[in-house]
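Each structure below is given as structure tokens.
In the two assemblies presented below, chain A is common to both, partnered first by chain B and then by chain C.
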Partner chain A sequence: MMTGKEKKTSRLEIIFTGFGGQGIILAGRILGKAAVIGDHRESTLVQAYGPEARGGACSAQVTISDRPIHYPYVRRPDVLVCMSQGGFDKFIDQMKEGGALLIDHDLVQPRGFDKRFFSIPSTRIAEELGRKMMANIIMLGFFTAITGAVSVEAARDAVTDSVPKGTEEMNAAAFNRGCDYGLAVLKGLEKKAAGRAGA
Partner chain B sequence: MRPAVLTGEYFMTGDVACAEGALAAGCRFFGGYPITPATEVAEHIAGRLPEVGGTFIQMEDEIAAMASIIGASCAGVKSMTSTSGPGFSLMMENIGLAVCTETPCVVVNVQRAGPSTGLPTQGAQGDMMQARWGSHGHYEIIALAPSSPQEIFYLTVEAFNLSETYRSPVLVMTDEMIGHLSERVVIPEAKKIKTVSRPRPKGSKARFKPFEPGPSGVAPMASAGEGYHIHVTGLTHDQRGYPVMTVETQEAMMAQIMGKIQRNLDDIIRIEEYRLEDAEFVIVSYGVSARTSLAAVDEARELGIKAGLLRLITVWPFPEARIRSLAKRVRGLVTVEINLGQIHLEVERCAAGQAPSLLVGHPGGTIIPPGRVVEALQEFSRGGV
Partner chain C sequence: MTDFNIILFMCNWGPHAAYQALQDTGASIPDNVKMVRIPCTGRISKALLFKSFEMGANGVALVGCEPGSCRYGTGTANAQGHVEDTRGILELLGLGKDRLQLATFLPDESGSLLEFLKRFSREIEGMGPSPIRPATELIPVAERDRAIEEVVSAHDVYACQDCGKCSSACPLTLAGKPFSPRAIANAVIAGDIDSPSVQKDVWACLTCGLCYDRCPSAVDFSGFIRDLRDILARSGSDRHASHGEFFQSLMRTMTSRDLEVRPWQWLSSDVRTDPGSKTLFFGGCAPYFDIFFKNFLRTRTREILVDSLRLLNFFDVHPALLKEERCCGHDLLWSGDRANFLKLAQLNADAIRDKGVEEIITACPECYSTLRRDYPAHGIDLGCKITHIFDFLEQEIDKGAVGFKGLDRQLTFQDPCRLSRLENRPHLPRRLLNRVAPNSFKEMKDSGISAICCGNSAWTGCDSFSKALQVKRIRQARSTGSDLLITACPKCQIHLRCAMEDPFLGEELNMEVLDLTSLLARAIHWE
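On to the complex of A and B.
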């Protein structure tokens, strides 16, 4: 399982999935932008495009690599980020063996998935911050901390560069909340592992 | 107000890169009608043209859109439209008018699955033969097929340059996958982007003939209202532009329309080769399917199959000479495209029996995965096809 401390793999395939209207495509766009503009790596975003603009199942396929990306479609995601049950149900079988599953704690029940996964109540935190719409940005912060797929600086810059004018600070704060939550989760896991090793 | 050339590094979709490429090339008129998946080209350029002193008009339909860009070009303005399958069908008659009247203009087709309304939101490459022969009569046309958002930027600039050089409509035949793909796009400084403008008349206004070829073999083009004699008609016309209903005039006009392209194939045709030096099996592909093919070449090589890719950047005029020379030395040709065999037929024609030719195609709506190409190559290399 990858964590923020491990070395970046040369090709990483990511699927962000949720309802139309949750900002799934925007999250994918910010991630790709962070990899390309901030981290100077290669990235592609393929957006599910169809009548599912609002409410239906929606997904963004992001590939990040140090080499030119020939085929930009995700075949076996290394990371699956689910912000809806439908998204989880649809994509979980495609996830690579040992891949990282990230979910919104209140929206997704990882039924039948018996391995470790990472969860955050991103929508609830967004509601606390006063804007439910920012759940995607919180999830992106969480994703960045857990996977290390992009650098925190690159991701935060891409967030402020991509959101509507006047909301940059609010979104950066949302990103930081997600990121901190992720770091705390990782720390907890480390402690647990250390405890086990010490016993 | 932002400049016409937005120098910088972006994470951008193909559709937006197309619009920016047009602006960088000097496009200052866009007449169009929205259609999925090409709408973003029009949407983006509609916001940008007023910033650079250009004009955007949403026309009543694609027939009028095509007519409007011909008119704008006759007035001396570089012009473009964008559409998808159903709109491309409606543009066909006036694309023929642009060919016949030798009017430079650029038509972008972000292809989706057809026939008819088909799958509006899902991509295909099913309009390639329509691009070649969709308007009535015999003619030459230039069509380019980009494989990435970065390449759409450059090829849209190139499309304008070719259309201005040869006084011909140029088609940018992209697809929904590339149009909606986001990737790195670097827009260079304005001075590093080569732009070309149509040959212009010099000298006596009295003696000027609007369809008399100049030293380049292409007729200098005067803009309407400059004082030079102008006559523009879709009827068979002589060098003065006047309709002359004789076989001799038809022969002379057709020789001009065909010849200016056919004499300049080396300047017009662009191809890219990948791992072709020692290849026994050559994939021929273009657009998004070339990306499938690049991955397939690498995967096939890992299995010990010597595969390579000939990527068509210019699809029309067709790179016949290169296919012919490859067919002489390879064991097989595989065309990968999201239709049921259009460019495949051209490859087969050029191979002329010297090498077997195979299609890996799809009726549209989805990209072809590399695995399908690799499987076909495996079977092909075992002699199973």
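On to the complex of A and C.
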């Protein structure tokens, strides 16, 4: 399993999935931007909508690589990010053996998945911050901290660059919340592995 | 004649006869021994024992009757307790416990008395002179009445509309004490400072700040009292200190620059600290309090420090500890000794400043408020951020991935006045409480900004009315149906426990007390 502590592999395939209106495609686009503009790597994005644009299942397939990408479709993701149950049910079987699963804690039940996964209540945190719409940005921060697929600075810059004018600060704060949550999760895993779960 | 001195408190009954025999036979009693004849060793309190050191004694011996031969029965046993506790404090203070000794003799044991005196004198000579310099004497205020006028206008006491809201909120007034902040304010304005009731009442105020919260004219009465006390103390007013002024004495000895305090020597090694860290943990005086109250209240307030450090470690912060840490000075400032408060503050600042510290974290609300507010107000700049550990914890826990073990207890909470009122942050501890025990936390009748004081502040003016107030407070806590009283200040724990010792009310007042930091440290875990 990959975490932020490990070395970047030269090619990484990611699927972001959820329902329309959650900003799944935007998250994919920001991720690609971060890889290309901030980290000077290659990236592609394939977006797929379900039958209805709003509310239906949708996904963003992002590939990040150090070399030119000739085939942009993601068939076997290294990282699967699920913000809806439907997305999880549809994509979980495609995830690579040993891939990283990231889910929204309140929206996804990882039924039938018995390996370690990473979860964050991104929608709940977004509500706490006053805007449910920012759950995708929080998830992106979480993704960045857990996977290390892009650098934190590149991702944060790509966020402030891609969101509507006037909401940059809010979104940067949302990104940071997700990122902090991810770092806390990693720290918790490390502590538990060392047998020091309590104070 | 040597330049060190030993104070010998000698009981009138047994050993004094032996001492007289030595004098009669012209025995060579070491000439640096100053004998003070006392009626019973059991009456020499910790405050009196300690006072000698504050005044510069190099050694103190308490000499009494052998156990079982005390004329009053329990004198020797009391003396043993007092000496043991005071020795513990001398150790922590860096003076060394061996500068204080207890010895007992029968009237006919003049030979062994002489031997003891010679040996003790040699030992003290070996330890060298005490590093304690008598603290700054209170400098009389040149023009007292003018100084009082200045304090009155600095706190805008003239704005008082005589509405009486303060008196109807003051917990002392409500406990039935013939005491009224409004009346004190008016009397001082009218120039009645010398009236016996004002002279007494100025020292009774708990400086809890509840009246300030209620006052429509925003008269900061507790700040006014604080400044007035300094003037009155310097004009010779009795300071009505509790415990024979032991704590003020202790804090004044810490103003000696050459004293090498050892405030952390007791800390167990499983707590991780790092002398090079940019984050400093400031502990406060809890370890001293625990020794002082060991035999009476059995408080364990230094656990607050251990649990704070554990919580910092939990979040991978390995803070530096200040080996020269002295009392922050809160109690001196609030009990009329600003000059020595300033000396303490300066010594702490000197010790902190060149260490490159960026942030000081503390768990004591008094240290927090004093370092954050009073040091800068007195021109002392620590050059770093002051953080209460609750703020640190709230911020870290909020990042996520941290959970709390459920606990099968009902909780209620005693607000620390320095954090909840003076710093106006009653929500901070509550946010944490609601994380640990969302379903089993119940507020007392008076809570948050309206909470009632634990009964004492800065070790002054403890009396039967403050006791009545404590009883009322504990009854409020009990009537929430809770079985665990959470506190967030070592002093709240000490004073409330003291009230629980009431032999007449007994079980009715009994309640387990635990600090919020300890509660958090027990329950927290990584998810």
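Simple rule for what comes next: the second predicted complex is superposed on the first by the 192 of 199 C-alpha atoms of A that agree within 3 Å, B and C clash if a C-alpha of one lies under 4 Å from a C-alpha of the other, contacts with A are read in each partner's own complex, and residues count from 1 in each chain.
As a convention for this text, a contact is a pair of C-beta atoms (placed from the backbone, for glycine too) under 8 Å apart; a residue touches a chain by one contact, two chains touch by 3 or more.
Given the structure is predicted, the values throughout are model-derived calculations rather than measurements.
Colleague: Here chain A is shared; do chain B and chain C fit on it together or clash?
Modeller: After superposition on chain A, which the two structures share, chain B sits beside chain C with no clash.
Colleague: Per the contact definition in the header, classify A:Arg29: touching chain B only (first), chain C only (second), both, or neither.
Modeller: Touch partner of A:Arg29: chain B, not chain C.
Colleague: Looking at A:Tyr71, would you say it contacts chain B, chain C, both, or neither? Reply first, second, both or neither.
Modeller: Only chain B is touched by A:Tyr71; chain C is not.
Colleague: Is A:Val46 touching anything from chain B or chain C once the two structures are fitted on A? First, second, both or neither.
Modeller: In the superposition, A:Val46 touches chain B alone.
Colleague: Tell me the contact category for A:Arg11 with respect to chain B and chain C: first, second, both or neither.
Modeller: A:Arg11 contacts neither chain B nor chain C.
Colleague: For A:Lys115, select first, second, both or neither according to whether it touches chain B, chain C, the two together, or no partner.
Modeller: A:Lys115 sits against neither chain B nor chain C.
Colleague: Given Cα centres, how many degrees, to the nearest 10, is the angle at chain A formed with chain B and chain C?
Modeller: Nearest-10 rounding gives 150 degrees.
Colleague: Check the residue A:Lys96 against both partner chains and state whether it touches chain B (first), chain C (second), both, or neither.
Modeller: The answer is neither, since A:Lys96 touches no partner chain.
Colleague: Answer with first, second, both or neither: which of chain B and chain C does A:Tyr181 touch in the superposed model?
Modeller: So A:Tyr181 only meets chain C here.
Colleague: Smallest separation in Å between any Cα of chain B and any Cα of chain C in the superposed model?
Modeller: It is 31 Å, taken between the nearest C-alpha atoms.
Colleague: Which stretch or stretches of chain C touch chain A in the complex?
Modeller: Interface residues on the chain C side: 307, 310-311, 313-314, 316, 396, 399-402, 520-522, 524-527.
Colleague: What residues on chain A touch chain C, complex-wise?
Modeller: Residues 120-121, 125, 177, 180-181, 183-185, 187-189, 191-192, 197-199.
Colleague: Quick check: in the complex, which residue numbers of chain B touch chain A?
Modeller: 9-11, 37, 121-122, 176-177, 180-184, 291-292, 294-295, 298, 367, 369-370
Colleague: Spell out the residues on chain A that touch chain B in their complex, using ranges where they run on.
Modeller: Touch list, chain A to chain B: 29, 32-33, 36-37, 42-47, 49-51, 69-73, 75.
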